[in-house]
Amino acid sequence: MFDYLTFGLLAQLFINGILFGTMYGLAAIGLSLIFGTMRIIFLSQGAVIILMAYCCYWLFTLFKIDPYLSIPIIGLAAMVLGAGIYQGLFRRAVKMEDKNITLLIAVGLMFLIENLMAVMWTPNPRSISTGYTSSSIPVGGLAISFTRLMGFVMAMLSTAGVTLFLKRTLVGKAVRAASEDIEAARLVGISPHWVNTIAFAIGIGLCGIAGIALSTTYPFDPYFGFIFSLKAMIALALGGLGSVFGALLGGIILGTLESWSSFFISGGWADAVSYGVFLLVLLFKPEGLLVRSVKKV
Amino acid sequence: MKSKRIFWWFGLLCSIPIICLVFSNFAMAAGKEILIGAPVHMTGPLAPDGLELKWAYEQAVADWNKKGGIFIKSANKKLPIRLVFADDESEPAKVAGAIEKLIKVDKVDLLLGTHSATMSVPAINTAEKYQMVYHCTTHWPEMFRDQKAKWASVMFFSAVGASEVPFIIWETLLKKEDRPKNVALLMEDSPDGQAFGGGFRSHAKTHGVTFAVDEPWAIGAKDYSSMILKMKAKNVDAILLYGAPTDAITLVRQIKEAKLNVKYMHGWKGTWAVEFAQALGKDANYVICDGFWSEEFPYPLCKELGKRYTDKFKKRSVSIGAFYGTAQVLFMAIERAKSYDKTAVRDALRNAEYKGTVMGDLKFDEIGLALFPSTANQWWDGKQMLFYPPVKGGYQLKLAPEWGKR
Amino acid sequence: MENRLLEIKDLHVSYGSVCALWGVSLHVPEGSIVALVGANGAGKSTLLKTIAGMNRPKNGSILFSGKHITGLTPEAVVNAGIAMVPEGRKLFARLTVKENLELGGYIPRARPFIQKSLEQAYELFPLLKTKSNQIAGSMSGGEQQMLAIARSMMSRPTILMLDEPSLGLSPLVVKMMFELVEELNRKGMTILLVEQNIYQALKISHYAYVIKTGKIVLEGKGEQLLSDPEVQNAYLGTME
Amino acid sequence: MKNLKPITSVVLATLLLGLIPFVSDSEKSYLVYFLFLTFCHIVLTQGWNLVAGYTGQVSLGTHAFFALGAYTTAMIWRADLFSWENYYFDPVTMILSGLVPVIFALAIGIPLLSKLHGDYFALGTLGFGEILKVVCIKGGQFTGGPIGIMLPSSVYTTMRPHYWTALFLAFLATGVVYFMTKSRVGLALVAISEDETAASSSGIYILKYKVLAFAISAFLSGLCGSLYAYYLFQVSPEGFLILRWTLYPVLMCVIGGSGTVVGPILGSLLMTAVFTVTSIYLPGIHPIFSGIIIILVMLFMPNGIIRLWKKGV
């Protein structure tokens, strides 16, 4: 039945899965910070990614700025936007016990962003077409998509950057501490609002990077993003909370899973397989596949 | 105390819309105009199509009103047409609400249809409940027949008929040695994709073609490399695909990245949008798209409609004529019935022929169904060039060379 | 007279409609150990949390070195110089020992001295230095309590509040813990100690308050209370 | 006496609302459709309220149970399961459409609720809905694939049965929530949402009550799905298995005031009115306004309208 299977094909399938999964991974890292510190089910993340993709598109068509050169501009703008979203929308709500409120604010924000984009840029799909769009690099008989490779590199660099920030700087350590136990963090003098603002800024900043990676690889329309919110959530659950690298790896596992299941079963079932695995993980190892259980003190 | 006041304010705010709804049955100036309602997608994922539909309906109304409207016997004069729209939010459950609103709040006389089969089924069901004329396009005749609607009418092509197009093209326009040997069928997991898929499979049998790859295509999937690898492994040289524009763009990009050489790529729905060509640039060349209509059709008004569309949207369309034609046929039916009474208009749309529309001559059967042929166009430098049905002295189909040799 | 470092006047705290503290007044002189003892649910932890800024009092005032700190955020209270070792230690279990300590010095006042404070902490607890890269959650209970105290010392406080430091520890470690508290006090630290282990707490404290259902019912010198028949009957009878 | 007052007023209001189709022509007035929609929303919202408002578990699977109910109705009808003449508003079909979701709720509820807390339960139920969607799209003849199952719309005569059934279901849902909260079960549920460890130590077998609440919620959603299938005459993944059928109830419940009996009713009425009116008067841009309204309400009235009122009294 699978007589056309060769080693090269499998290798290509594997690489594609990894490259594709980093996209989910990027979104999942951002989510792990936001969800980790504030327990917000931030469904508007996909919409923000698309918003950033539109910004990238704008810079490209209006000012002829190459998408990869716009990383610093968009990254910074996204961070400011993230801080603004926290201060404007979530500052009051995170204090409240009821998690539904933050969930609903996120939903409201999603409606708002999606439809604002539809009014501003029309609902027609947009895409960025450059010299390197749909070009690929041949490596030993395999073809590796250039834009996706760049996406992978960007994901790796930003994961490394965020990891360094969280591990090496005092503020980063404070973010990790707050995501573990916000009450204890307050008792050592960590201001939750400051930490949350930073978590949001980085989380949305990563959305900016994901937006650039997306806009160079895919065409997009205002409603394109929701699936990313869902998949990022799954990647996060696979990787486990509280670990940046885990979130990235969760995304890569998800991507590989989808790419293999759509090859061996059929394209339509890929989603069902990934959700099924997600449910199984939640049932049998809810702390995530990659997390060593640390006993709560 | 203060909170209590807020509550009363809130109660007031809450009751205003409800009162609005109750008393919005404003008496219409009956006999002064013909009021036609149309649900369209103004928001949601299908909004791009909805906005074109809206524009085309508005054009048709403006054209008729320029002529003074339509002669109505009971008023003994020409009455102008007025259109009201309702947003169906690209959602089957909401299209029902939109039609309820058009019938009950706006009290429309007749309905023009929304777009896409997913929406048409509940739309027709709802219109049927109120015995309201519902005249639409882009709804599959096979499904329409199943619905046994008494008040709706459809003008479209059948998926079965349209899906024969590629086989006819291969047999009539290509030399024997050029005909594809390993064909891949990629059909979107949607009612439309499934309808087409069934058509392709049955025609493949009669034309002696077997599909090397037959894959359903999940809507919004982002990675097609598995599919492409499968096609590569099976030496596919022709692809028939049905999918949304974003998905089709992604697919072609990934096909190029994977260096899969296909000499004949024929897409439905997703490949005709101008965004497809914009996103792909030169890579869109050689890709074939379907169409409902072409401004190169030898029918009246086609050239002008195409020009108006290009002036407004700065692009060409292969669909706008079908939308315009839908409204045009409804107005012709009112004109023929000399009345906008719904029974009269419905009867005028059954067992009737309408000549000289932008879609050519249309013949409605006893259930209110008219078929027109589907077209095939090839992208060439940003333009969809009509090559099927062949027009004299028109564009000739080109087969795609390898990616490196373009 | 004595210098009242921390003074609490007529404090009322309630959770929703449930009143937890009814007009509590007490004061902690500089350089002393003051113990606050009482049964489970008497309101001891509520009082500490209110001082730390985690609860908002309904009425009354908290003065620190003569300044009002009532209603400040926990961050501001720590920055003012009041450090708290919470009940159950509340370490950052997934962070390393060193990271836990560094975060102890997070507040602006202490941040410039982090390196120095770290050395001092290692000096006081040599064990922590050897385990500095270990994950905090993997240590034993006694070690964790040590870390919790060391972490709060990192903020260079003027007063240290300990909430049930002996909870869940073996008798030998409990003994060590109280010795440690005394040692800290000898080095000049003012300490407010909340304990259920009343005998030990009263033994080391200079002054003590007994709290019952949200009110102070008795107060006096530690040893004095220890020999008070009422205290003996009510609290110590059940103790060894 | 005091306890009877709310019951009698609700019964009276229901009876009065039941008279509306006699006053206002259901075939000509938009009001009847609007109220029908509102009642459907109330049923779903009360169902969600039972799980989230009273046990503190956020379920994002309402649309899955709603769709299961609709599919059950459509399948029974299509397969002519009982060889009856009429499946249109057939009580047995409707009750079965409520029970099938209950089976699924038990199947996923027991493992999910015993293992997961809070956010993971939300994600788990969301995952269940997505799996169901793929299964329905790929289900071939059995589920009708992406087209779904078409029902014979010729049986429709008037909207009155839809209206009355929706009203009855809304009344039923509200009644269920009311009696659940007044009974021992209800007290247990509130205890769960307040403090899980305390509730478990005081001897309440948490899982049983959580699963019970979840199952009743699925039952209500399934009934509502069945009713909506009778309205739309086509059961398709795009019409029923979309997240909106979950987000709307969540929104309406929280805006009205979750964990109360009257809050969800107010929330459903208000939000249905807001969505309808904005859709009519601001076509094309109304989701922007809906988004802004959601955010504003959550920022300034996070505990719901009902609590605003209670504070004032």
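Think of it as A, B, C and D in the order they're written, each chain with its own count starting at 1.
Convention: a residue touches a chain if its C-beta (ideal position, glycine included) is under 8 Å from a C-beta of that chain, and two chains touch if they have at least 3 such contacts.
All values reported here derive from a predicted model rather than from experimental measurement.
The minimal number of chain-to-chain contact steps leading from subunit B to subunit D is 1.
Farthest chain from subunit D, judged by C-alpha centroids: C. More inter-chain C-beta contacts link the pair A-B than the other of A-B and A-C. With centres computed from Cα atoms alone, the innermost chain of the structure is A. Here the CA centre of subunit A is 35 Å from the CA centre of subunit B. Between the CA-based centres of subunit A and subunit C the separation comes to 42 Å, rounded to the whole angstrom.
Taking the mean of the C-alpha atoms as each chain's centre, subunit A and subunit D sit 32 Å apart.
Taking each chain's centre as the mean of its C-alpha atoms, subunit B lies 73 Å from subunit C.
Contact with two or more other chains is made by residues 115, 268, 271 of subunit A. Among all residues of subunit B, those that touch two or more other chains are 43, 189, 216. For subunit D, the set of residues that touch two or more other chains comprises 137-138, 284-285, 287. Chain pairs that touch one another, listed by label: A-B, A-C, A-D, B-D. Subunit B makes touch with subunit D in their complex at residues 1-7, 10, 14, 17-18, 20-22, 24-25, 42-43, 85-87, 89, 91-93, 96-98, 100-101, 104-105, 117-118, 121-122, 125-126, 128-130, 143, 146-149, 189-191, 193-194, 216. The residues of subunit C lying in touch with subunit A in their complex are 52-54, 73-75, 78-79, 84, 86, 88-95, 99, 102-104, 106-107, 111, 114, 135-138, 144, 151-152, 154-155. Partner subunit A is touched in their complex by these residues of subunit D: 52, 58, 108, 111-112, 115-116, 118-120, 122-124, 126-128, 130-131, 134-135, 137-138, 247, 250-251, 253-255, 258, 284-285, 287-288, 290-295, 298-299, 302-303.
Residues 43-45, 47-48, 51, 189, 215-218, 220-227, 229-230, 233-234, 245-246, 249-250, 252-254, 256-259, 273, 275, 278-281, 283 of subunit B are the ones touching subunit A in the complex. Residues 35, 39, 41, 89, 92-93, 96, 98-101, 103-105, 107-116, 119, 230, 233-234, 237, 268-269, 271-272, 275-276, 278-279, 282-283, 286 of subunit A touch subunit D in their complex.
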